[in-house]
Each structure stands twice: as structure tokens, then as C-alpha cells.
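In the two assemblies presented below, chain A is common to both, partnered first by chain B and then by chain C.
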Partner chain A sequence: MLSKEYHVVRGPEGYLPPAAASMGVVLPDKGSALVEGCVVQTDAAMELIADKILSAKNPVFFPGPLVLWAWKDGIAEKAKAIKEMAEAAEAKLIPMPDYRPKYPMINPAIEINPNHPNLTIWHNKIDVCVFIGVHCHYANVALKMIRGGTECYTIALCAEAGHEDAMISLRDVRLEDLQKMTQIIKRRKGEGK
Partner chain B sequence: MIEQRVVEPLQLFNAKKEPQFITGSEAVREAIRRANVEMAISYPITPQSESMHLVGDLFAEGYIKEYFRGENEFAVMSSIAGASMAGVRVFTATGGPGTLRAFEVFSTWAGARLPIVCAFMTRGINSPLTIQPDTIEMAFMLDTGILMLHAETAQDLHDMLLSSFMIAEQTEVHIPVGVFVDGFFVTHTRDKVNIAPADMKLPPYDPYSSPVPVMDMENVPFRQMRDPFVMKSNYVSYSAHASWQQEVMAAAERARKYINQYLGELIETENPDADILLIGSGTAVSQSREAMAIARSEGFNVGLVKIKSVRPFPAQEIKELVKHAKAVIVPEFNRVGWLAREIKSVAEETTKIVAGPRVYGGMTMPPEMILDEIRRTSV
Partner chain C sequence: MIKSMFQISPGFEDIMPAEYLELIENGPFEKRVGVSDLGAFKELLEEHPLCAGCGLALSLRLILASLPNPEDTIIIGSTGCSALAFPQVALHNIHSLFGNQNAVASGVKRALNLRFPDKIKDVVVIAGDGATADIGLDMVLHSWFRQEKITTIMLDNEAYANTGGQESGMSPKGTVLNMAPKGKTFSKVSIPELAREAGCAYVASVNPAQPKKLEKAIVRGILAARELGPTYIQVFSPCPTNYKFKPNETISKVRLREKEGTYETKEFLSTEARELFARLEEEKK
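So, the complex of A and B:
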């Protein structure tokens, strides 16, 4: 049975938290976004993202393979926009270059892996993270584990349908949306947020 | 081959249709003709053989780019997985013992997030060997992770197949769809099927919106292979694997929206507020409909629920319907009663559920069998 009461909030939630989709959280339609399991207007979610990033002690962007390689037209521009956004937010960038589990372990100071994301979050004391350019399946695998075992607040800027397992998720994020997000961050920063 | 043009899915589904008097197997051919399938792989097994033979004819006519016969069902399903990982739209079909011979691969499909569409023409699998109609293989398939639609008629089979490609290929879904149909009862009988013009076809599959990297050797992310966690004995591996499985189940939940969009609700109802509800799937619905008509003519207050989607299961819908009924009868074409078990798993009052009548081994189900249960529960 589905629970209408389930909210996707900062963890640690427990040993094995459920997939939010299995608890009744539904992805937003085009033009909307998700905040902690509830559908909101995209503009409102963008403002909240800016607040979360700017109020964090150590916000970090996790760019994935879809934006780390110029595998099709427009990706290089998108990667540049992500870098500009991180710089505007004074956030670090730690890449997720590879989806294979790394053994005996990754170097958590310089990379993150979707199969053991908590190592990087704990090591760097990351309190807000932003997933971008990560294939949706791997993002969801990692987002659940982060919610389960860390206090990190998760944000997903998704080019597809979005992520119920992130605390804030945008969908259909294009280059213009990234640029708009950067402008919001700059504005909020100027307002002292 | 008729020259085809790509149209939006709903344009195809809502197009002006012409009736054709065809078998269920021929309905498969007409669905695949319009599905823009790039590759199909076959292996014969009764009662499926004719459908994939007809899909082979489509290859000969030029509608499908690649088609071959595998060594056996395990090889077919494995080859289909490879083709799907490489980013092409694929189709295959099997049934009965063929389903079980390939069984391991269906969970692999789901775990690998492959949007494969497979038709299952169900038949008995038990020893002594039988080729006759029986839906017992669906009991085994319930927890493989694939989506399961159950067609009542050749029209359902045609419509569900076409819709399945659109449902399966959504980025947030992206798991296989099995379209199940009762062998012989539907595959080998003729019925009127309304079909869109043959010059229309579905849009092509876009593998670059996949939630996992497409294994395209021309593209950089291809190097992100999907290493298994097997052999790695540590908490990280267990935890990642658990989260992975949850994500596959979540994908099935997300499919509800698209099943609703392309096929209507997960269930269809007639007289849902009746005292006695007949709940079935596949051709058990047809027999139940006959029984309901007779029962209502005799003054019994009987309704019918047709379950179209078994995975995802319409749990909330069934829970509500069962709550308001005095008795629920679940006719099935198998010996184990898997649908009754599913219904009991979501109902609050399980004692009102009659897990039957059931026939198997190829037996037909006369409506009188269901009528007997209606009369008995009405006493």
C-alpha cells in the first residue's frame, strides 16, 4: 500500500530507506518540480535550490558522465554553465566519472561513485550536494543511499523526468535553465541569503 | 512494403481504424508492423510460433531491419538483451516452457533497465507435457521485475503491444514489458480487430535518454559498463544492490502514469458497486462477463473487474473495490490461483474472496462454473 505521508527529507533515514516512488511520491509533470516529495512550480524550486546551496557550509556539485564528456552537440556549453553556477555559489565540484564500483575503495577527496556515495560525502563533510549529468538510474541508486546514511541535503538538476529520491529535483533542465539558476544564485547572494 | 511515416503515439492510437477479422497471432503482426521495431529474434514454441513467424514475414517485407532464429529461448532472450543494450528497439515472443527456459534472463532485463517488449502466449508447463492453454507461467513471472499486461482479446493484444513500447521506453520507466495473452483462446481464434492505417508507425526509440548508458561504441559514456556486485562481499556492495533493486521496483510504479495514458486505467469495471464482484484477467474476464450477464438476468447483483495490468498491480483500486463488495469471485485458468493471492494481499477482508473457480491443463471454463459460485455466495 502506498503512503501519502512520505516526505523525502534530510537523513540519515535508516539502514535501508525505501524508494520514494514506492511510497507514493510521483514525478512532476513538465513545468513543475519536486520539493521533498511535493510537486511545486519550477521557479519556486529554483529559488529554494539557491537558498539551500547558499546557506550550506560545504555545497558540492557532482557532475556525471553526461556532462563530463562532449559526447554530443551542446554538452560543452552545458558543462561550462555548470562550472559557472558552481563558481557563483562558491561550491566545489567533485566528478562522478565512472559508475563501476571501485575496489578496494575510491579516493573520496576527488571523486564520487554511485555505489558508495556516502564515502565522499562523509570524507568531505558535504552538507548539500547537486547531482547533474548522472544517468537517472545511477542517480537514484546513489540518492537513496545518501538519504539513508548521511545528513546531506540532495538536489538533482535532471535533463529528463526528475528524481523522487532527491530532496529537490528539477526536470527537463536545459542550458537556459542552468543559466537562469546561476542568475538566481547571484541575485540571492546579493540579497544576503 | 507500404511506405510509412512516423507519427506521434497518440496520433497512431487514436487514428481512424479499419476492422480486420484476424487471429491473435495476426494481431501481433499488425502491431509490430506499426511499432518501428528494428530487431526481432525468434524461437518456435506452441502456441507462440505463428506470431514470430509472421514477424519474420515483416522482416522479409522490409518493416524490420534484422531478424533471426536463436538456438533456444535462453539464447533468444540473451540476444535480445544485447540488442537492447546497444540501443535498438527489439521484440520477441515465447510461451509456457519457453518462458521458463529463459527465466533467468527476464530479471536480467529488468535489472539492466532494458525497455524490451515481449509477448507471452501462455500455455501449460507442468509434467505431463501439455501444449494447452494455462496461465500458470504468469505466477512465476510476478517477481521478475518486468511489467505485466494481460490481454483479454486480440484487440487488447494489439493495443497493449503497441502501447508497451511507449510505456517501456520512458526514461523514468525503462524496464521490460511482457504482454501476456492466453494461448489458443486468443492466439488461434479469429476476432474483429480495429487497426490503424499501415502507413503510420511509432516514433523511433531514443536510447540516449536511457537511465543507464547505452552501449554505443561511438559514444564516450559507453565505457561506463554495468559491472555486477557479485563476488564483492562487503556492506557497500549489498547496499548498492539493494538500492538498485528498489529503483527497478520504483520504475514499475512510475509506469502507472503511462499505462493510464496509453491504455486507460489499470483496470476496467462494469457495475463496480455490485454485491458480488467477479475479478479476473485475460480470457477469464470474457467467461466472467458471460456469467455476469446470465446472473444479472436472474436477478443477482453482480459486477465485473478486468485487471489489465498485473505489474504494476492496481493495489489501491482493488482494495477499494473489494471493501465495498459482499463477495469477490476470482476465476482463473491455472491451478495455483496466483491472481486470487494477489487480490488477497491487498484486500482488508480476505474471507470474502473466493479463490476460484479454476480450470487448467487446457480445460475451458464454462460460465456455469462461475454462476455456481455466484449462487453459492449469494445464499
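So, the complex of A and C:
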């Protein structure tokens, strides 16, 4: 099936939704992004991300281990930029500190676990979420589960090649891209979006 | 791993769950803690879904508190009751297919040696009696024959405990369980003797009723595996659910079996292991 025939859209899609890649959705080339399964220019996707976050009732950022832990140089700066972005968007931050399947012993009010991300989405009534700093395979698993079982809109700010299973996915996100995203959010907010 | 890597990015401290903050502030990493310090530091396992009075849960807590180098320890587990607790353990751990744990551990150890040739990385298998003595016995024995530098710890609850209660090779002769109504017809397999004959440098059989002895065996098993070759530690971990005794009787059951002589505490050291421990003791002074 071609990507134009399958759109990665807000769920709930039902138990065991297909991996978007298996439905023909391909990752974008450098300089491009994915919006609901279609390849678009990165700048257009960033504007759309700002709109989605600003128009949400309860947008939440899910920072993952790659940014929560200061494990190498440059991470602290990224973390600061993510926090600034969340503040600009007036969005909450709920961490994904690691990937242990701690079922059923997580507190969904304060953390998210990739093995049952729906618990946190449901508990907090999150309508738009932003994944950032989550290793690829766990992000894909969690994004698919969210699409399958919730009506949350998913966004992935990925430092690698992007995520087909997110409704909007940027790729190659660096510090300057995070700062640019924050500026877009501030501008769109000023425009009353 | 060094503790400086185990730091929360500035600005995210206020959103991290308390257990992670406690692990950083008061965890066992880069400290020389042991079972005597339990209660005074944040344990690697606090919550778990195992049954009340589970001997295995108690043993696992003691084992984790005994690890000499937790920040650089990788645990390889297998299917069984312990697999239900591992998701809660705040250490790198890998769940292997049932019985494959020693083959997976061999690969992990070799890969770590290539990737980090100058660092100590302890690879410790922790699996049940079914995974070690029955389904995975070939993988276990061949890892010993190959002299892989890994520590194998068996949590011996003498049954397949989370599948209704079938007999395992480690169940004593005559044992009647829910799924073994006629009673087991052959004797408990003597894995410590097999380990010794297969070339393990250090072999011990311990139990959670004697935490200091258990700790000593774990430390010795890991230190010997680093330098000499495979080591094996068997930890008696009785199962109140399948052996039908009260949860608060676990320790007394252990003591009774030891008194009866049906589950002895023992230790075997190869000549090389004896020399190694003597040298390490000397260096401590």
C-alpha cells in the first residue's frame, strides 16, 4: 500500500495498529519531515507543530533518557532548550527516565513508560504529546501504542532519521532546531494561534 | 560507567520521579555497600510483583545488595518467576529466551571485552532452576566448558512455580506439586558437582537465611569470574505458593532443610581461586 493511502492520524486506531512503515510510509530525506505519513518541508512541519501544541488543551512533552540524563557534552544545552520550548508552549513535561517495563508500578501522573504509554496519556488526559530524546525503537513502539489506544496527537522531535509512527516527525533535530522551534511557538502564540 | 554520567540534565531535576533522585543520591553505585547496609541505601529492587514470602525475592534483594560493582554489572535473566521482578531492577538486565541465558551472557561478555577492554564489566546470569538445570542445561554446561568469564546464579525454588507448579530437575525426589501429583521419581540434580567437574573456578550453595555467607559467595563468584573463568552459585529460594507453607515460614524452611541435610551450604574453590582470594585479601591489608 502506498503512503498516500495510509495516513498516520489521531487514534484510537484499535488494538494492534499496523506499523506505518509496513503500510508504505517512508522516512523523509534530510531537510524534510513527515506529517501524517506524507513528506513535507521541515519549515512547514515546524509551523504545524507549533499550531498543534498551541491549540491543544493539554500538551505534554515527553523527554526521554537521551536528554534527561547528562550523559555527554551538549546534552545540558539541549535540555535547557527543551525546557524553554515547553515553557513557551505552556506545556507540561513528563519524563521517560528509562525503558524498564515497570508495569503496573509506575505513577502515570508523573512518568511515562514506553511499554504502556497509554496509561500516562489516559491518566493526564493528554491531547497532544511531543517525544524527544527517546531511543528509536522504544519511541516507535510507544507511538504505535498511543495511536492504537488513545486519541492523543503525537509529535516526534527526532535527532536521527525520524519516526513514521508519529503524526508529525522532524528529523536531525539539533540544538539550533530546538531554539528555532521555540521561536516559532512564541511567534505563533503572539499571532494568537 | 562512572557516576558522573549518572546525572540528571540541569533543569529536569524537578520532573524526575523520586526513585531516580534517590538512586542518584543514595543508591549503591560507586559505594562499597553490602547486605549489612540494607535499609541505609536505596536498593536496586524495592517493589516487585512476586508472592508474599517468596524466597526468590528475598534472595534477589540480597544478591543485588552484594554486587561488588553494580554500576558496571549486566544481569542476564531468563523465563521464570525472577523474570517478573527484573523489570523493576535498576540495573542493565536482559531477558533471554527460556534457557538461553548462558549463551546470551557469553556473547555479552565477549562483546564487552572488545568494546571496553580496559574496564571491568561483570556479566551475571540470574535464572531459576528450570532455566539452569533443565531447559538451559546445555547452554549452561557449554558456557562452563568454554570457560566463559561469567557468573551463573541459580535461584532454586525447586519447581516451575509460575506455571502452576510442575516438578523441575531440582525438585527433591518424591515432591508432590499441583502439576506433579504422583511425586517426582528421581533425585534432585546436583548442579554444584556438575559445575565443579565442568571447570568452574568457584562453586557455592548458599541460602538467604545466612545473608553474610550469601554475600561472600556472590562477591567471590564475581571476582573469580573476572580473572579465572566461570563460577556458579546456587541459592536456595523456597516457594511458599507451590510448596504450600505460610509466607512467614520461608526462612525456617531453609533452616530446616539445612538441619535435615537435604540442602547443604557448601563451597568449592579451585586452586587458582584459592590463590586469587588469598592475593586479594593480602592486597586489602
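Keep this in mind: the second predicted complex is superposed on the first by the 188 of 193 C-alpha atoms of A that agree within 3 Å, B and C clash if a C-alpha of one lies under 4 Å from a C-alpha of the other, contacts with A are read in each partner's own complex, and residues count from 1 in each chain.
Note that a contact is a pair of C-beta atoms (placed from the backbone, for glycine too) under 8 Å apart; a residue touches a chain by one contact, two chains touch by 3 or more.
Here the structure is a predicted model, which is why all the values come from computation and not from measurement.
Of the two partner chains placed by superposition, only chain B is touched by A:His116; chain C is not. More residues of chain A are in touch with B than with the other of chain B and chain C. Look at A:Leu175: by the touch rule set out above, it reaches neither chain B nor chain C.
When the two complexes are overlaid on their common chain A, residue A:Arg100 makes contact with chain B and with chain C alike. Of the two partner chains, chain B is the only one that A:Val26 touches; chain C does not reach it.
Of the two partner chains placed by the overlay, chain B and chain C both lie in contact with A:Trp69. In the superposition on chain A, contact is made by A:Leu16 with chain B only, not with chain C. Shared-chain residue A:Glu160: touches chain B; no touch with chain C. Overlap of the chain B and chain C interfaces on chain A: residues 69-71, 100-101, 103. Chain A contributes residues 63, 67-71, 75-76, 78-80, 83, 93-95, 97, 100-103, 105, 107, 110-111 to its touches with chain C in the complex. Looking at the complex, you find that chain B touches chain A at residues 113, 170-172, 174, 208-213, 219-221, 223-227, 229, 232, 236-237, 239-240, 242-244, 246-247, 249-251, 253-254, 257, 315-316, 319, 346. Only residues 1-2, 16, 18-22, 26-27, 65-66, 69-72, 98-101, 103, 114-116, 135-138, 140-142, 144-145, 148, 160-162, 164-165 of chain A touch chain B when the two sit together in their complex. On the side of chain C, the complex with chain A involves touching residues 5-12, 15-17, 20, 47, 49, 87-90.
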